[in-house]
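All chains are identified by letter, namely A, B and C, in their written order; residue positions are counted from 1 within each chain.
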Amino acid sequence: MTLLSGEPHVITVGADLLGEALDAQAVPRTAVDWRPPLPGTSAALARVLADPRRAAANERAVGRLTSARPQLVGVRPAGEVLGLAPGTFLHAGPPITWERASGPMRGALIGAMLFEGLASDPADAADRLAAGRATLEPCHHHRTVGPMAGVVSPSMWMFEVDDAEHGGTAYCSLNEGLGKVLRYGAYGPEVLARLRWMGEVLGPALAAALRLTGPLDLRALIAQALQMGDELHNRNRAATSLLVRELAPAVVDAAPAHAAEVLRFVNGNDHFFLNPAMAAGKVSTDAARNIPGSSLVVAMARNGTDFGVQVSGLGDRWFTGPAGVPDGLYLGAYGPADANPDIGDSTITETSGLGGFAMAAAPAIVRFVGGEVSDAITATRSMYEITLAEHPAYQIPGLGFRGTPVGIDVTLVARTGVLPVVNTGIAGRVAGTGQVGAGLVSPPAEAFVAALNALAD
Amino acid sequence: MTLGTQRRALPRTHVTGAASSAVRPALESPRRPARVLATFPLCVYLEIRTEQEPTTIAVITGDATRLPNSLLTSGALPQVTVGDDASVGDGSVELGRQSLRARRWWDPAPALPPVELVRLAESATRLTACAGRSPGLAGNGAIALLAEGCAAGSLVRAVTAAEQLVGLGPGLTPSGDDVLAGLLLALRHLGAAARVGRAVWLADWLAATVTFDARTRTTPISATLLHCAARGEASPEVTAVLRALAESRPPEPALGRLARLGHTSGADLTQGLRIGVASVLALGEAA
Amino acid sequence: MAVRTGVYHDSVSLMRVSSALSELAGVEVAIVAMATKLNLGLARDLGFELPPADPSDLLVAVRADDVDAATGELDRLLGALSSRQVAESADYPPRTTRSAARRGGASVVLVSVPGEYAFAEAADAIEAGLDVMVFSDNVPLEQEVRLKELAAERGVLVMGPDCGTAVIGGAGLGFANVLRPGPVGVVAASGTGAQQVTSLLDLAGVGVSHVLGVGSRDLSAEVGGRSTTAALRMLDEDPATELIVLVSKPPSEETARAVREVVEKLRTPVVTALLGTGGPDLTAAAEAALRALGREAPRWPSWPRPAVSGRLRGLYSGGTLCTEARIIAGGGEFVDYGDDAYTRGRAHPMIDPTLRLEALASAEPGDVVLMDVVLGHGAEADPAARLAPAIAAAGVPVVIALIGTEGDPQGLRRQAEALYAAGASVFTSNAEAARHVGTPTDKRGRS
């Protein structure tokens, strides 16, 4: 009986004339800034929105996503945990062939061939890859995510993250640091030497330390880092510090001989926590997969050529569009002409309510991604328009401890035309260049439209 | 020097809004002069030169309390000061440079759904338990006499107490008036909802008493609000408490909003409501 | 020395507050900080006696000549911190009804986006538990049924689609007249039908509690009167409503039976105006409502000229008014310019009179033109301004049904006088206007 008692407060959506008529009567109202949906989506929208399963399916899907309790339980070699056969490589984004692969993706694959001893030199590696002598599969098909090129080969060591709530597991490689690194497509001797050290020293030391500490609560750690100015995609400084604080004593106990170099390496890399954060995002979004009728996005990923999304109600199908070139700041003398199109699985952070979606938490990096503090707040606010929930644990102090926007709904993207805000690093387009900058990127609308159309079928 | 000193007549701005139907007679009468009695950030009080109630109108904006004698403008309040001339009638309020008209009318005396006395008695216990600012006349003997007289259905004692209370206390709406307004509203509305005819009868007599010489005994604003209460007209904060009682819903949220009215107005109105509810119950059980 | 609980500010803000306090004249020392072990130690070192506190409490330690003044200033500084936080949280405009509803406070949603997009916004409202009026037309029938199924599950009311009129507690949504509050509740499958009935009641001095539109198709067999029955039940529960008037075009037989069953169970009396069933016209329904309230029906205001006859042409903006006039007149050529066929891609004739003015201009000698002019919220600001000269120029008799109240923005009397002065006969009752078009010599219109 709220309608018929008391003064009405009206939400108006549509004709201004009718809203103004209410204003003239001094009726309190909230006006929706409505615009037509993305072109060509109205019929599909009507069908998807009328699906009787949708509301409950989305509630369940986003409920699983936000209730996941990711915990870092171990560090193990990819060959062991993923059952990767020699000659099989995982990569970021939706499926890709060598022919369509971009510079940094090719560079990383060449580096992985060399690292695994499957080629004698870069040219040989490229020839073998071109000849189809390696099997390429998306990380996402193997409960795994990888930043930038995201190339995973059997000898690389992985973070292992369990979901203590729903029981899933997800993996992500160890972060190599900045500069010339494999994930940006560099494959020089220093890159391969570092990877070998990571396999021989870093991985085993972290594994031994985690055995001493027991599982590490990543949900709590991420929640704290958000309140310390990280958004967990382009800024992981606080989270990395917190991780070191948790692990350092155990590293010393477990691997006294290597403790100093291990801790020095982790400390020297502000992005070290990005990879556990990605695995945490992956295990959380995987909990929301395969709920019939749900229009929730469970993965956004780029392979340097295509930007792909996966949707809970649509199984493992990918819906893609061309990856865009990020807009941002460039290192040194690099400029937009040196930039590769968007690449990496790190958009799993945005998919799980972090990264660009939590931009308002990280005023320190807004200039790095080309804006003012108010732009960061606007970016986060705009994401509430396309998400189904506010994260119960991940909160933004600057927004009065409001939960981060989480759970992208393809119907809301189509209705508003508001695309997910993605923070990202920028890879050089020539294989082996490495990172050239960082900035913001917009996903291609057609990926979301294609997913919506599939839901309507 | 050729600069003129003559003031140019500035055109009036037409502004629309909503109004309580209690002010409809004043707006629809032929135009009469009025003056600004008081100004607040969200409210301007006007006094109309007339013998006919309402003699004061509250022009309000934004989230101001929807007093039963108010006109809510959709725009900002005009810039005026106390003593400024205004006029009311022929469908509009002319105030400052604005001409205000109502495009919506609300009922300041909405009926309540029927309620059983037993259920009302249960809800009433929650009225007394509510803490808040203490009423302006806490401990006053006339209040006790009013409560006792009303509950006993004694018109003599109730009227005697009411006469002592009209205009008693400081402020725009003296505490005594607020208590009486709360009492009148509870007696009339809950009396009707619980079908306690004696309570409505008492409300009629008390209303006649307090309105008889209100204009000489209290402030003009308070006099108009007493006249409104006498007819069962209230602000939504009061109505919400009455509605919660009649619908057997927890009254605490509504009481909380009522408590925030004015300095002690909310507490005084609540005290009046409490006396009224107790009287309806006592008179209903006696019948 | 005090400890405040439930207050949190970041340390930098509190350091600023501390230093601002310390600079006040007469303040010897001031510490305002969260009550961490470190800060408590600091205060102890300065000679303060410490009450029990934990780190989530705010510690205030002031030594000053006038402690009350310092505390007052502290409250002002802390208040400024809080209000700054509020100011910075100014909102991003909502892009969907869902987002607007999440912000809270709303009681009803008014959807007027193009029909093909209306479902999404209306579904948002229902999922948020809000009643919704869908003004939009051209909404597919199966979407209407789905919306009303959803609404039944959530216990909310869908008014529409193609609902032109609602009045909720005096607030007019869509096309509605300025009505006084009163005892009559209206459920209407016809917007202009409801406007006629409520305007006449207002002219008779009787107000309405609420007007709940249900949409033009609600009483069809496919929709089954879902909103009509829901609206009837809502008004039956409303203590302000003493009498219900149900206004509709003829319902399907099955739906009529279902509605009748609901009506019979209501405690509130119901006056029904079902057009075209030989039942009462809208004016008669308004009069029946007045009688049910123990009131006399007045003579409805009119500005007549001598009755005329000729080939009757009805140029209407309201569908129900058009139907009513055609039935009463018993013949003639009637066009409803408010029909979907005329409004796709153009404004409703109540807002944009162009099509009807063209039709009026094309009237031929021997024609008699019957039109409705509907006043109220949302309608043209001054319909007589364009219509009066067109009437004068038309050179044929014009009879006008003027639907509105004196409180309407356009002013009933002002409009009536302008139209009458231009040569038209003006009636506030559409039925009376239709009866005024004379004892016809030829009511068949032009073939």
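In this section, contacts are C-beta pairs under 8 Å (C-beta built on N, C-alpha and C of every residue); 3 or more make two chains touch, one makes a residue touch a chain.
The structure presented is a predicted model; accordingly, all values stated were derived computationally and were not measured.
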Centroid comparison with chain A (C-alpha atoms), farthest chain: B
Contact-richer chain pair [A-B vs B-C]: B-C
For chain A paired with chain C, centre-to-centre distance based on mean C-alpha positions, whole Å: 45
Chain A and chain B, separation of their C-alpha mean positions in angstrom: 59
Distance between the centres, which are taken as Cα means, of chain C and chain B, whole angstrom: 27
Multi-partner residues of chain A (each touching 2 or more other chains): 5-7, 24-25, 27
Chain C: positions in contact with at least two other chains: 169, 171-172, 237, 240, 377, 409
Set of chain B residues in contact with two or more other chains: 16, 18, 103-104, 106, 110
Touching residues on chain B, where the partner in the complex is chain A: 16-18, 66, 72-74, 103-104, 106, 110, 236, 240, 243
Of chain C, residues touching chain B in the complex: 169-172, 178-182, 207, 237, 239-240, 377, 407, 409
Touching residues on chain A, where the partner in the complex is chain C: 1-15, 17-19, 21-22, 24-25, 27-28, 30-37, 42-43, 45-46, 49-50, 55, 377-378, 381-382, 384-385, 397-400, 411-412, 415-416, 418
Chain C-facing residues of chain B, complex: 16, 18, 21, 24, 102-107, 110-114, 193
Sites on chain A touched by chain B in the complex: 5-7, 23-27
